[in-house]
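Consider the two complexes below, in which chain A is the common component and chain B and chain C are the respective partners.
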Partner chain A sequence: MWYRSRKISLVLFALLMLIPFGAVTLAQDVVTIEWWTVSSEEYSEEVQRALVDQFNAEHPNIQVNITVLPESGFTERMTATLGAGSGAPDVAFFWDNNWFPQALDLTAYIEADPDLDPSTYFEGFWNTRSVWQDKIVGLPLGVGANFVMYNKDVFDEMGVAYPSPDWTTEDYIATATTLTDPDKRRWGGDRPRGPFRAIWRNYGAFPYSDDSTTVEGYLNSDASVAAYTWLWDLVASNVTPTPADIEILGTEGTGPIDLFLAGRLAMATLNQGHVLTAVESGVNFGIVPEPQIPGNERYANAWSLTASVWAGTEHPDEAYEWLSYWVGPEGQQFLMQNGHLFPSIPAVLETHPDADKDYVQAFFAVLEQRQVAEWVNAHPCNGTVLRAAVDAWDLVNLGEIGRDDIKATLDSLVEPAQQALDECVARLGA
Partner chain B sequence: MLASWRRLSPMARREALEAYLALSPWLLGFTLFTVMPIAVSIFLSFTQWTIIEQPIWIGADNYVRMFTRDPLFWQALKVTGSFVLISLPLKLVLGLALALLLNNRLPGMNFFRTVFYIPAVISGVAVSLMWMWLLQPDTGVVNTLLDAVGVKGPNWFWDKDWALPSVALMSIWKVGGSAIIYLAGLQNIPAQLYEAAEIDGAGKWGRFWRITIPLLTPTIFFQLIIEMIDSFKVFTEAFVITQGGPLKSTYFYMLYFYEEAFRNFNMGYASALALFLTLIILATTIFINYTSKRWVYYESE
Partner chain C sequence: MSLNSSAAHPNDSFADIDRQLRRSNLTTALRRLAGNGFLYFIMVVLALIFMIPLLWMFTTSLKTRQEIFVWPPTWLPAVPQWDNYADAFAKYPLARFMLNSAILVMINALGEVISVPLIAFAFARLRFPGKRILFIMMLSTMMIPGQIKLIPLFSLFSRLGLIGTYWPLVLPSFFGNPFFIFLMVQYMRTIPRDLDEAARIDGASTWTILYRIILPLSLPAVTVMLVFTFLWTWNDFISPLIYLSDFNSYPISVGLAFFQGRYGVEWNMFMAATLISIIPVLVLYFFAQRHLIGGISTLGLKG
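Let's look at the complex of A and B:
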């Protein structure tokens, strides 16, 4: 009897000992995915947590652990973590192209995924934010673009026709001149805030050759001179705020929107985030693409954020599952309905609550244009060489050079730009 | 070292061991967070490193580029050097002047000491934003006041000739911090020296030049070193307000370093830039220290 009860006790003890192992086995079935993100106007922390809760509930084998980081320090933290080679999140924004070598190649995953079709995304954003060196390194979340917002009330007051989508750079100066009213401290329009964005590209200007070898004949080309000359004419017309006027009203590029909302700027080059602000403020406005040059191809300065899986993840399948949910149709639909995201999938974007509004339709049209980012992303040394181009832009913008000096100024910048290009190509490749 | 260790008595050895044990947290921290980063930085300055991928050894090429093929390096050095030359003497003189005022025995002086010290503890970003508003050409307080007396104010941060003096003006506004240190130095000067000088017929000016300044030289020496290092490291103002413009007139060395490291992912070159700045500061400090034998007087001497 004693022997039997001892035997039962031993069996019970052994079973008790096995419980933790069983628990471990169960726990191993649930994979935790670390996700780093940021909170923004388009998707607040609360909305993103709700999306995670929904995903976790639908996927009992995957638990996404969200970490919301301040946007200002995200780049530095990701760079440091990826550089360290350990501790990076399984899924995160890979919004800097320099991080792409550390992103998991998703080509095989996407080919095997019947629910995710690259052709359902805007082609321009897919090409600029997902494809890198013939690999798919991420999915584009949301879309944004610059366009010209105009205050309809000011146009009506001055009896000026609203700008049409096919307007030209010359039309821009003429319209801004008509709308300017010094007595009301009102400017007709603003100035492009940097060189080689949409307008420069519309003129056909490039900072250097496509094979990344030559600056001569590009930075100082006829097209580039024409673009800078147009800026010179715009500055000299005194119908735009000075850099000081713009900068003082915000360090995050908020200057033009503040002036626009205050009725002191009749036209301003803004983005879809500013549209939301203008709607909330009750401003009567319209949208047109940045002006074009007749006969030239037309570009838009547009962007999206690449979301990727870290190449060092221990759970690539589950990480992809979350990524394709977050940036796929379901996630973007959720972020659009509960936040302010403009999705990168046209079919989802068309279900936007304001899709029937004129200004949203105008925004959609801008998204279909070719993107400045195509060339920029394909040329990693673009930023380094632009330093020289910015010097010329500053000189014009500050009224430091005459109209006839533009060519000579650009010529003088070719040599330092070429040095910067050569150094950069040796480091980052062409 | 082993021989000297053997010569110690057992008690002295124990005391030494206990001392090192007590010092070990600091030594560990110093090694991990100061010595190692410096050593790694020296190594990286001879590499090409994008942070994300493995560093590639390129020998002295970063330094060769710095001195022979990089006009931005010279521009950043010129701007920073000019800033040091403009702001350092002004900060030293105005800090001392403020301290002399705050050293007066008047009712409510502690209030003024506190008020003048406040700028030294406010975040650099907040200070920068405030000065952006103050110096806004059209609607800023400064130009509005100048306008009221018939003077057309400049464009300050948005004028290539005025941007650097504007940043210097901002840094001078924070002299309250150094004034407090001067004040401590002033209050350490024995009162009987002034009394004796007064009895001997010395005037205020004479007492200032022959008692205050000589006995304050250790404090001036300290301030000179600290403010010099601080001036070489100027960054926030340019980062927040001017981004190095207009026309690179405020393109400070630290801003260039930051752009190379964290915008261009050129950490090897950024390390070389950082090391060169360290060498400049070190050389300047050694020079000041060397000259101090001629102009710094300690009470015990």
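Let's look at the complex of A and C:
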């Protein structure tokens, strides 16, 4: 009897000793993926945690560990960690093109993935935000675009007809002039923030030739002069906030949303994130694309955020698993239904809960336009030469040059811009 | 007669003098009162001007988002939105963020109190080879911008496996802060060496001289150091942002940044949260201002 109980005790002891080893074996099978994200108007911290919980439940071998960072500090943190070469997350937004060299090439993963088809994404966003130097460096999450939001109450008060989608740049100045009321400190509209926005392209202006060799005849082309002259007329009409006004009252963010909400801007160039705020604030508004030039191709300043796997990850397979879930149809559907994301997959976007609303339809129409980013991303030296275009834009914006001096000013910028282009092309290629 | 009259005169003159004195005292008192009153009036006006931003923060925290930028500007909200405070606290764990900040402040203050006087005493009082060079080297580290140190420090703490913990935020304070060391050295140099020598004759060790004589006499400098440590730690944004990963471990400086979204700022809630977050700073300043101003003027930090 005593012998038997001793034997049982020994067996139990041996089993107990084996439990930790078993646990270790099981723990080793579970891979933890570090994921850094931000909390924004489109996907709150709570919604993203819920998405992670759902993924973790469906994938017992992968545990995603979420780190939510403030929007205003994400770039600093990513730059520091990527610069240090250690401590970077397995999966994160790679929204700065300078980070692309440190993103894992996903081409082989995507080719082998039957559930992820690049053709299901908006082509423009896929080309501008996923493909870099013939590699697939990430997947595009969500879509955004600039358009003109107008305050219907102000239009009604002034007895002005709402702008139509086919309005022109001249219509913009005329409408803004009618809506301006100095006594109420109300401006009719705002100014495009730079020549990189859609209007400059709508005029047919480009900083240099498509083969990246010539600035002369492009930066100072008739189309470019026409775009700057339109800006000059807009500035001279005194119907928009000055750069100083915007500096003081524009507030943080990507557009003068607070002035628009306060009814002090009858029209403003804003985006889908601002629409959410306007809806929440109960503002009576409408949306139209940025004004066009009749007969010219129409552009939209649109974007998506690249989400990537860090090239230094120790678990690329599991990291891709999470990335393709987060930015794939399932994840974007979840973020749309539980948050406010506008997905970058048309088939998912069509099922948007507010798809039947006018402003969402207007936003969809803007997404169908050609993107400014298509040209920008195809020309790595665009930013270098664009500085000259921005300088001229600023001179007009600040009232530093006369209407008749625009051509001469652009001519004077051609030579330094050409030098910058030549230097850049030698470095980065055409 | 002359005697009588001369006898009467002194009384009269004493009375006159007394009257004159009283009048003079009264005039002086009135003048002083008027002078002080004017001074107080100017100070109250200045205080009100300096308080305008705080007042604006408070009223903004009670407005709807549309009201904040209306023209003409309104000081008071149409209907005070007290819910903004509740919403701000409901949206993010602000109380937790503030507690985290308080923990960081306390640990850093402890670290500075332990390390700084020790190092400063060595530089101010002890003789050892290379003292001057070491002091200059220490001072030169103050000239290196924080941004340059960011990536090497991150790399260091990453290799030590300390990312995601409070260690990178508190460990440096236990090795001294060059600015505080410099201040403390300068202050300790003003304390007469006779005190050290007298203590040494009485049998005091170096430690006793530091902790029983020099440190108590350096209290103004220590106060300044503690207040600055509090302010710098409470307001530090970049270090916690870089080193911390757990949402619930963020200090208030990082927590407040969540009110700035990708496309705008929720100004009303941001102001409500900020106002709450500066209360500890105001309370500290209220209680420590006498020591702080005294310490600052003693250390020659004014202006």
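Convention: the second predicted complex is superposed on the first by the 391 of 430 C-alpha atoms of A that agree within 3 Å, B and C clash if a C-alpha of one lies under 4 Å from a C-alpha of the other, contacts with A are read in each partner's own complex, and residues count from 1 in each chain.
Operating definition for what follows: a contact is a pair of C-beta atoms (placed from the backbone, for glycine too) under 8 Å apart; a residue touches a chain by one contact, two chains touch by 3 or more.
Please read all numbers here as calculations on a predicted model, not as lab measurements.
In the overlay built on the shared chain, the residue A:40 is in contact with chain C alone; chain B does not reach it. With both structures placed on the common chain, the touch criterion links A:277 to chain C but leaves chain B unconnected. When the two complexes are superposed, the chain touching more residues of chain A, out of chain B and chain C, is C. In the superposition on chain A, A:99 makes contact with chain B only, while chain C stays out of contact range. In the superposition on chain A, A:261 contacts chain C only, with no contact to chain B.
Residue contacts after overlaying the shared chain place A:76 against chain B and chain C alike. In the superposed model, A:358 makes contact with neither chain B nor chain C. By the touch criterion stated above, A:242 is placed in contact with chain B alone, chain C being left untouched. Once the two complexes are laid over each other on the shared chain, residue contacts for A:123 go to neither chain B nor chain C. Taken together, the two structures place residues 76, 80, 83, 251 of chain A in contact with chain B in one case and with chain C in the other. Contacts from chain C toward chain A in the complex involve residues 64-72, 150-152, 154-155, 158-159, 163, 237-238, 241-242, 245-247, 254, 257-258, 260-265, 267.
Chain A meets chain C in the complex at residues 34, 38-42, 45, 67-73, 76-77, 80-81, 83-87, 184-186, 249, 251-255, 257-259, 261-264, 271, 273-274, 276-277, 281, 283. For chain B in complex with chain A, the touching residues are 48, 50-53, 65, 69-72, 129, 132-133, 136-140, 155-160, 240-241, 245-248, 262-266.
Here chain A touches chain B in the complex through residues 75-76, 79-80, 82-83, 98-99, 101-102, 242-245, 247-248, 251, 383-384, 387, 391, 394-395, 398, 400, 416, 419, 423-424, 427-428, going by the rule given at the top.
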